[in-house]
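Chain nomenclature is as follows: A, B, C and D, assigned in order of appearance, with residue numbering initiated at 1 for each chain independently.
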């Protein structure tokens, strides 16, 4: 078989580990050939390829990002996009595709499969918000990076008796905030799943100051204050003009400084969380995903994606990737509250 | 309630996270009091305690080791041991115990529960070889440390065209070798679960040299060559006198150097693997274990230990801790073989 | 002797290492006693002390921040401040002070010495901008943290063919930007010492895109565009209201995105750079500074501060701490330019 | 000009940074061409080359090891070696060489220059034992790796009340042991420069046990006990057969366990210390060495090597590389003794 591989959406530590595993097993065990498509669905859409064999995957396991490049191109939003993909795949003699990506990339994969393009998917979301799998690769790396930053910020908070607000990734799901906050010993954790009450946040911080320790607040970029505080925030956001930087984290630090009368500082981790070498957990998970994805292709089991359940890799329908956003259950946040204040 | 806490067996990153979570939740949510027992079962046996309240658990989350100390003391191997423990617990007004440890520590806990001492267990094994739980804390940290060492050794292997043999922990189960080998891109992985064929190992190495890359062999300390090679190894081990250092790793490096005619070096990671700050995965798992263990105590659900199943923490009978050694299944090792050579 | 110790100004990895070395040598070799003053000059001003002996310095070597706390209190700006310090030192029986801090803290120390308060100084500036010493502790840690962030950002830049702008510390001196930019393989480095030409920056970036690699720009928080671009920037800064977050880095990313037509992202490292455990270089330098500072006190050589010259620790007059801001020489920036574009 | 580049001796983090800087500046500023010689002096001896231009040095800055490979080949120990080198250089049209290496590699460079082969040297020794330069690259990385290992071992030592002996690199000079021991808070540091008294070592350890903390001993691989203990050691070494693994570190742990009656463990860091990505200090130093080396070549200033003096890069005669072994002065060891026990 001649198999195309592409990576779509935001980059994520572990993408290269998937690519390497797919190619190593596909070539060595099954004798397949591979073609790399550049920049997600843009690759098959424009017929933009690069060679992908054993030599190309050497040494890429520990490297973050993706050697294939990525984009958010969606062929269904482009006139004649699907037809061009079909034509290009036919021209290139491609028998099947492996698409590595999140909700959007796999949503395209699901629809293409229905339209006769055989695809196997590998789920990728640094936010860990995909219902169909226990974990996705990249998440563990992001959490460790955020935790290390929090570890560092504790000492600076203590030395200056100030509050530090750490804004982490997570627009719709607070997994990174929850896990890095728990791991970093945060005193308050605020998630998109539950609007936060600013009075209560300030109360936790005041409690904390009584023991001379200085508080760390971990907040998802998508967290929002409860209704009463929204007006203020909305205004502030307009003034910034740049929601992606200095959003809720900076707003919160300003509010806390105003209300406690003690210095507060915001740190926005941003893209650091998704770059760099993957952790062992992510390298192993990504590698296993790759090995099982090529098995599915080899067996002709298309329209599926690989997923982690407990310690096993299983196959589930591609539609599950888009069916449900896995948010943090109230019970998990409640569990963490014992460490607040 | 007045609850004693102890940590037994080899130290493991995450022990302090368990202790902290137990005390934080026990004091804050339930109003319990805590007593720390020093050095595993030696503590209750000799009535050796230390204070354990909110102040004592501040700042210990990121620290490796255990603030309670540890030992391998087994009260069942000491004349009148159990009676002394009962008497000491009565004197100290202890209502229940939380025992954090591996097979041995939890084996004692199971027997004591039968004899009327109410215990809840928290499983700990850096080797990840406990059948009752998907993962134990400490394992992820150990694997990451080994992986980082392997990452470093790749460059030195390549620069000198030599083989590097990395000996990692794992006397009876090869989980650390398997995961760190997969994550580190090892060219051969040797586990205790399956005797290795030295000829085949050398063959993989020779293959590797053909592409000018230099091979990394990851070997569990408990891995053994197949029968034909055993005599040599046995003899070598005697000469060393110190099995714990320079065991199979050094032997293997010597054999490889002899047979390939190219330099080979051994690196024995040893105790570095179990020290230092835990990874985020281990901090979160250990924290959740602690929170669920104090819940079990609070509910009077003794004779149980907490365990991870998928993403849930569940309770299982303490006996399960000792029932089954979870070794690496043949399928998992086979999965890795595509990367050999 | 009875010696007071204080730490002033922004926190810096290595402060605890200095404190520990001072106390260890002072107690063990010379039999001195120590008193810790809390929060910089606020401590002696208000007579706010904490115990400082061998037990208090155990385990603090690897910890960031300062166990004594810090502040920017300046007794010369407070009516009767100097008299109150003298009175408090007399009441507490303090014979001499060791002041660890930057320009401001050591400026106070210099004046106090002239007024009859015997002080020895230890220089601290994470920005490395003190003319009297080759290096100060904290700088190496900050540079390594920034470099690791840049390493991570390379992969995300490459995967998405976007420019990443990394804003690092340095209001008046660009040492952190220069060293982290050189170490991280940045394609453009912008310092406060030299106004940058936006056209030239964009030109470097365009050149870089021609090789399909994606550019990293490292910019000091104090860097400024040349006159033509200043109006725009000034306006933007006002709109932000918060100069400390999203200043020049975000402005630059916006300009680059606008001019190149390709995505650009800003990452502001902020306080992560000054927290956490020090590197070996900083621990050794801080320890040696502490050992030599207590020697100076013991010998009654007041009005001096310790400094690094080559590999030697020497003593220089305290005034040198404030005499000259050590900025990056034009030759050092020119040296780096070969890597631009 | 057409310039050959080679790297000799043990690998060292920073070699690739030197190569990259040489090529970047040589091509961009001076328009020179480069030829890479494989595996140290073996390359010019056998005419074994690889391409070396801008594309070949992309992305190598953060990578440990050397893309050119290394060896210990000495052309002066091979009949007709020098003539073959001259002939090969002539055939390849090489005008000058840049040799990056330690005492041996630069010794060859010095002699070749006298024989009419124009060479500029770049000093490399992970042990930091070269008298002509304040520091060499690789050393800072090695010290940080050793320090991080010591940080980890502290917690395991404390949990089990045992002594941990850490054996680090350094056959003739104890710089790595001194700096990593100081940075890691070791309780005893033993160097090759001064025979150690086992009784005194045990005394320090006993003192340490009195405060319930567990001791860490850092020992250079080349450290030796004083005369009285030598017989024992000699014998032990013979029994091992493998001096490079489990040498003085294991011997010391055994002696300490025997004499204190408490467990002691040895950890031999070995090759981990010289692999992997360089620290910022080493990347900056190596880069600057490379930039200055190509300047020297461009100016025709042969027979020189670059060196660090304070914060400046200077040129010194190549002979200085071999003139003097820079060992740890007695004063520096004495300085550290205040932390012993």
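Note that in this section contacts are C-beta pairs under 8 Å (C-beta built on N, C-alpha and C of every residue); 3 or more make two chains touch, one makes a residue touch a chain.
The model shown is predicted, which means the values in this text are computed figures rather than measured ones.
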item: Subunit A to subunit D, fewest steps along touching chains; value: 2
item: Between subunit C and subunit D, centroid-to-centroid distance (C-alpha), Å; value: 30
item: Inter-chain centre distance, subunit B versus subunit C - centres from mean C-alpha coordinates, in Å; value: 40
item: Subunit A-subunit C separation of Cα centroids, rounded to whole Å; value: 34
item: Residues within subunit B bordering two or more other chains; value: 151
item: In contact (per the touch rule at the top): chain pairs; value: A-B, A-C, B-D, C-D
item: Complex contacts: residues of subunit D adjacent to subunit C; value: 21, 24-25, 28-29, 58, 61-62, 134-135, 140, 143-144, 146-147, 151, 179-180, 182-183, 185, 211, 213, 277, 279-281, 283-284, 287-288, 291, 309-311, 335, 338-339
item: In the complex, subunit D residues that touch subunit B; value: 7, 10-11, 13, 15, 39, 63-66, 69-71, 145, 148-149, 151-156, 158-161, 164, 239-242, 244-246, 250, 254, 265-268, 270-272, 274-276
